[in-house]
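Going by the order they are written in, the chains are A, B and C; count residues from 1 in each one.
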Amino acid sequence: MKMKKFAALILGITMTAVLAGCGVQGAAPAAPAAPAEEPAEETAEETSEPAGGVEITVTTTFAGEDTNAQNYKDSVAAWEAKTGNKVSDTSATSDETFKTRVITDFEVGSEPDVLFFFNGADANDFVNAGKVVSIDDIRAEFPEYASNMNDDLIAASPADGVKYAVPVNGYWEAMFVNTKVLDEAGVAMPGADYTWDQFIADCDKIKAAGYTPIAAALGNIPHYWWEFCIFNQQTPENHLDIPQSATDATGAQWVAGLNDIKDLYEKGFFPDNTLSATDDETFAMFTDDKAAFLLDGSWKVGGIVGACQSDPDDPSTLDADKVAHFDVTYFPSKGNRKTTDLVGGLSMGYYITTKAWEDPDRKAAAVSFVEHMTSDEVVPLFAQHTASALKNAPKVDESKFNPLQVKAMDMMSGVTSLTGAVQDLFNGDCRVSTFDGMPDIVEGNVDAADAVQEGIDVYKETIE
Amino acid sequence: MKRNKAGLAALYVILGLWAATTIYPLFWVIENSFKVKDKILKQSFALPIGDMFTLANYRRAFDRLSIGRAYTNSICISSCVTVGVMLLAGLAAFALVRFDFKLKKLCYTMVIAAMMFPVFSTIIPVYTMETTWHITNTSSWALNMLSVILPQIAGNISFAIIVLMGFVQSLPLELEEAAHLEGASIPQIYARIVVPLGKPSFVTVAIFSFLWSYNDLFTQMFFLRRPEMQAITRLLNELSSKEGTNYGLMASAVTLVIIPVVVVYIFLQKYIIKGMTAGAIKG
Amino acid sequence: MSNIYKNRKYIILFLLPAFIFLTVYLYYPFFLNIFSSFRSIRTLGTYGKKWNEPWNENYVKLITDPVVRTSLVNTLYMMIATILGQVGIALVLALLVDNISKGTQFFRTVYFFPIVISATALGLLFNLIFLYDKGMLNQFLEFMGKRDLTDWKNESHALATMMLPVVWQYVGFYFVILETGLNNISEELYESAAIDGATRLQRVMYISIPMLRNVICTCLTLGVTGALKVFDLPWTMFPKGMPLKQTFLTGTYMYYQTMEAKNVDYGSTLAILIVVLGVILSRVTRRIFKESEDL
C-alpha cells in the first residue's frame, strides 16, 4: 500500500495544514464571515475557463449536519458566479443509503459528472469498471489539474493503484480526555510518552474514584478501539498489511489487539452497559463528566465544543469553563508503535467521471469545478484543523479557533506519523465478525482468533 | 338507552389513559423542538421555558430545504399515490371477493406475498428499470415525481386490497342483487353500491396509503436527488453526522413533517361516519 | 356466491391494472432477488461477478445460522405480542369508543398520533425513557427507593424493551381499521337488539364481534405478516441486534445483512424467507380464523 509512504510524507504537510484552516469549526451561522472574505474569485491558476452556461451534476457528502455543508454551498455559489456555469447538486448525508445510491448510479449509467466520495475499497466497483478518469489522464490535457497538491499525499485506489480522487479535507483519530474527571481521580494529563501500562494504572485509579475510565459503546461503535489496539501491536510501516490467516504475523497482531480490548472490558474500564448502549449515550457520559477517555475522530472536536455551547449553532454561547476541561491526546503506546503515531489521512476526494470526460462541454466545466474546489483558498476552509494535501497552505489566524481546536493543533504538531485506517481496506462484510462480533469476543463467547480468521476468509473471497 | 354512570366514567378513564400515552410523545417531540440539541439528552422531559427556549432548530430546518416546495412535492406525490391505490385496489378487492374463478387463490397469495417483499430488495431493479425508461434522474419535475409515485402505488396496493377485501366481505350481498334485478351492470353496481357503501373503508385505506407514501424516506431518497424535487421527509435524513445526531433539529423536522399528515387524517377521518350502511339501506 | 358475478370479462378488467403494477414493480424485482440469492454480491446495486459455490450456500447458511434462529424466535414472540397486544388492545379500544357518544373524534385523532411520528424520533424518546443512566424509568425507580440502576437494554430485558414500543405504536393502526369496521355495522341491528332487551355487553358479544370477524381476520393477517417485516423502530432502538445479537427480528436481520454487513446475496435469501413465511403464516391465520369466504 502506498499509504506507508503517505504516512511519513503527510507529516510535514500536515503541520502546515493544521495551521491552515481559517473556518470557524462547527459554526454554520458564523460561516457567512468565511465566504465574505473568500478570495477564490481571483484564482490565478485557472487554466480552463469554460464558456459558461454548462450544467454539471455534482454529488458530495457535504450536506445536512456535515460541518462543511455551508462551506460547500458558498464555494459552489462562488464557482457558479465566476464561470457562469450551473451546478445541479445532488449531495446527501453520507450513510449506507447514500453509498448504495452512488454505486447504483454507476451501474445504470446515471452517475454525476463530479463525485466527492471515499477513495478506499468503497470505490472499487466503479474504478474497476473504468467509470472514473485518473488524475494522470486529466493532466494529459489539463496540466495544471491538482498541481497545487502534493502527489504523494493523494491516495491511490486499492483496486488498481492509480490515483483518481483529489482530496480536500483529512481526518485524524486520537483520544479525547475529560481533565475534570482526571483531576478528581488524581490522574495527570497524559503526554506524548504515554504507555499502555500507565494507561491501565490510570484507568484503575479513575475506576476507583467512581468514574468510568473509557466512554465507548463496544456493541455499537467499536471501530476506533479496534483500529488502535491492532495498531498498537504494529508500526506505521506494517499497519496496513492484511493478514493471510489468523496465525501469521499480522494475524497474530490482530488477535492480540482484540484481546487487549477484551482485557480492558474484563477489567471493567468500559461503561457497565457498553454492550447495550449507543454511541450517543457513551458520548454523553464523556461530556457530562462521567467518563475520562473517548477515542474518536477529528470530527468529534465539533461535537464536544457544541456540547459546551448553550446553543450548539452559536459559538458565542460557548461555556469557556466547561470547554476548558476537555483536551485531546495521543493513544497510549504498547510495543513498537510510538505514542505519537496516529491514525488519519485523506480518505475522500473529488472524482471526475468518464461520462463527463467524454462530453466536451462538461469536461472543461468539471475540471474547472474540481480545480476551484481544491484550490489553495478553498481547501483550508474545509480542512480546518485536520489535514490536507496542499503543497503551500496559507498561514492561519489562530485566534479564530476555539480552545479545543487549539489543543488539537498542539497535539497534531507533535504527531510523528499519520497512517490510514486498515479497516478502510478490510471493509464491508470482512469486518462483521470482529466489529459486530466484538461483544461476543469481549464476553468470551467467541475466540478472537476464530473471529479474525472468519473475517480473513470473507476477505479472501472478496478479492478473488 | 339507559347508561350506567359509573361504567361510563370507567370507560372514559380507560380511553383517557391510553390517549395520554399517545398524546405525550407528540407533545414531547414538539416541546423538544424548541430546545437546543444537547439539552435534549440531558433534560428531555423538562419544559422549554426561559433560557432553554430557542427557535434555532426551526431556522435551521427552514434553511436546509425550501419548505414550501418540499411540502408541495410531498403532498403531490402522496395524493397521486393515494388516488392510484384506491382506484386499482378497490376494483381488485371487489373482483377477488365477489367473483369466483380458478386462479382466485393464486391471485390472493400473490397479493399477500407482494406485501412481504422488503423495499430494500426491490428498489434497485426498479431504479434500473426506470432509468432505462428515462423517467428518473431527469430534469423534468413531473417525470421525477412519477418515478416515485409508480413504485409507491405498487408498494401500497397489496395492503389496500387486503383491507378492502375484509370490508367488501362484510357488505350485504342483497343490495347488489337488488340492483342487478333493476338492470344495473357490474361496473354500475361497483360505482353506485359498493363504493358509496364502502366509503369509510376507502377512506381508511386512503389515510394509510397517504401516510406510508408520505413517510417513505428510503424510496424518496433514492429517486429524488435534486434540491427542487426533494420531499419534506428529506429533512429527516439531514440530522446526523459523525459529530452525532442533532436531536433538536430532529424534533423540529419531525414536527414539520407530521403537520400535513395529521391535517389530512383529521380531514379524512370525518368521513368514517357511523351508520352509512343503514342510511343506504333505507334509501 | 351470487350468480350475478359470472362475467369473466370483468374479472380481467378489474384485476389486470393492479396486477400489472404488482408484476412490474414487485414481482419482476423480486425474481431478480431470487437470482441474487445464488450470486456472490458484496455491493448493493450490483449483481456480483460470480455464482455462489456451492450454489445453495446461502440456503444452507439460512438453516445453520444461529442468528436466523434467534430472529425467528423473536419474531414469533413479536407475532404473539402483535395479536394479543396490538389487535387485542385495539379491539377493546375500538369497542369502547363505539360505545361512547361524546369525544369519539378526539380519541380517533389522538390514537393515530404514534403512527405518524417517525421511528427515529420515537426511538430516541424510548431510548431516553429506558436510558441506563438517568433515564425516565430509572429515575422514577430511584425515586421510589430502588438503589441500583437497571439496564433495560441488557440481555434479560432487551426483548421486552424492544417490543413494548412497537406494540404501542401500532395499536392506533388496528384501532382505525376496526373502528371503520364497527361503523359499517348497521345501527338497526343494535336497535332491534336493544328492543329485545339485550344488554350492552350482549350486544358487543353477539353483534359487534361476529360482524367484525372479517375485519378482525384482516387485522390478524396484517399483524402476523407485519411482525415479519417490522424494522424501523427496533432498528433505531437496538441497532445490529444489540446486545450480543439477541434482539434481531427477521426484518432487522435482513436489513442488517443487506445494508450493514454487505452480504447482499444472503440478505436476498433472508428476504425470500420472509416472503415464504409470510404466505404460509397468513394462510394459517385464515385457516384458524376462518372467514365466510373460502380463500
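Everything that follows uses one rule, which is that contacts are C-beta pairs under 8 Å (C-beta built on N, C-alpha and C of every residue); 3 or more make two chains touch, one makes a residue touch a chain.
Please read these numbers as outputs of a predicted model, since none were measured by experiment.
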{"item": "Chain at maximum distance from subunit B, centres defined as averaged CA atoms", "value": "A"}
{"item": "Chain pair, most C-beta pairs within the contact cut-off", "value": "B-C"}
{"item": "Whole-Å gap separating subunit A and subunit B, where each centre is the average of the chain's CA atoms", "value": "39"}
{"item": "Rounded Å distance, subunit B centre to subunit C centre (Cα mean)", "value": "16"}
{"item": "Touching two or more other chains - residue numbers and ranges from subunit C", "value": "44-45, 259"}
{"item": "Multi-chain contact sites of subunit A, meaning residues that touch two or more partners", "value": "97, 100-101, 104, 107"}
{"item": "Overlap residues in subunit B, where contacts from two or more other chains coincide", "value": "41, 124, 239, 245"}
{"item": "Touching residues on subunit B, where the partner in the complex is subunit C", "value": "1, 8, 11-12, 14-15, 18-19, 21-23, 25-26, 28-29, 41, 44-45, 87-89, 91-92, 94-101, 104-105, 107-118, 120-126, 129, 150-151, 153-155, 157-159, 161-163, 165-167, 169-171, 173, 176-177, 180, 186-187, 189, 197-198, 200-201, 203-204, 207-208, 211, 215, 217, 233, 236, 239, 245, 247, 250-251, 254, 257-258, 261-262, 265-266, 269-270, 272-278, 281"}
{"item": "Residues of subunit A that touch subunit B when the two form their complex", "value": "26, 28, 59, 63-67, 88-90, 92-93, 95, 97, 100-101, 104-105, 107-110, 279-280, 283-284, 287-288, 297, 299-300, 302-303, 306-307, 309-314"}
{"item": "Subunit B partner contacts - residues on subunit C that touch it in the complex", "value": "1-2, 4-8, 10-11, 13-15, 17-19, 21-22, 24-30, 32-33, 36, 44-45, 89, 93, 96-97, 99-100, 103, 105-118, 120-122, 124-125, 128, 136, 168, 171-173, 176-177, 179-188, 194, 211, 214-215, 217-218, 221-222, 225, 228-229, 231, 251, 254-255, 258-259, 267-268, 271, 274-275, 278-279, 282-283, 291-293, 295"}
{"item": "Contacting residues of subunit A [partner subunit C, same complex]", "value": "96-97, 100-101, 103-104, 106-107, 125, 219-220, 272-273, 275-278, 281, 285, 290, 427-429, 432, 436, 439-440, 443, 445, 461-462, 464"}
{"item": "Contacting residues of subunit C [partner subunit A, same complex]", "value": "40, 42-46, 50, 127, 131-133, 149, 151, 153-154, 158, 239-240, 242-245, 259-263"}
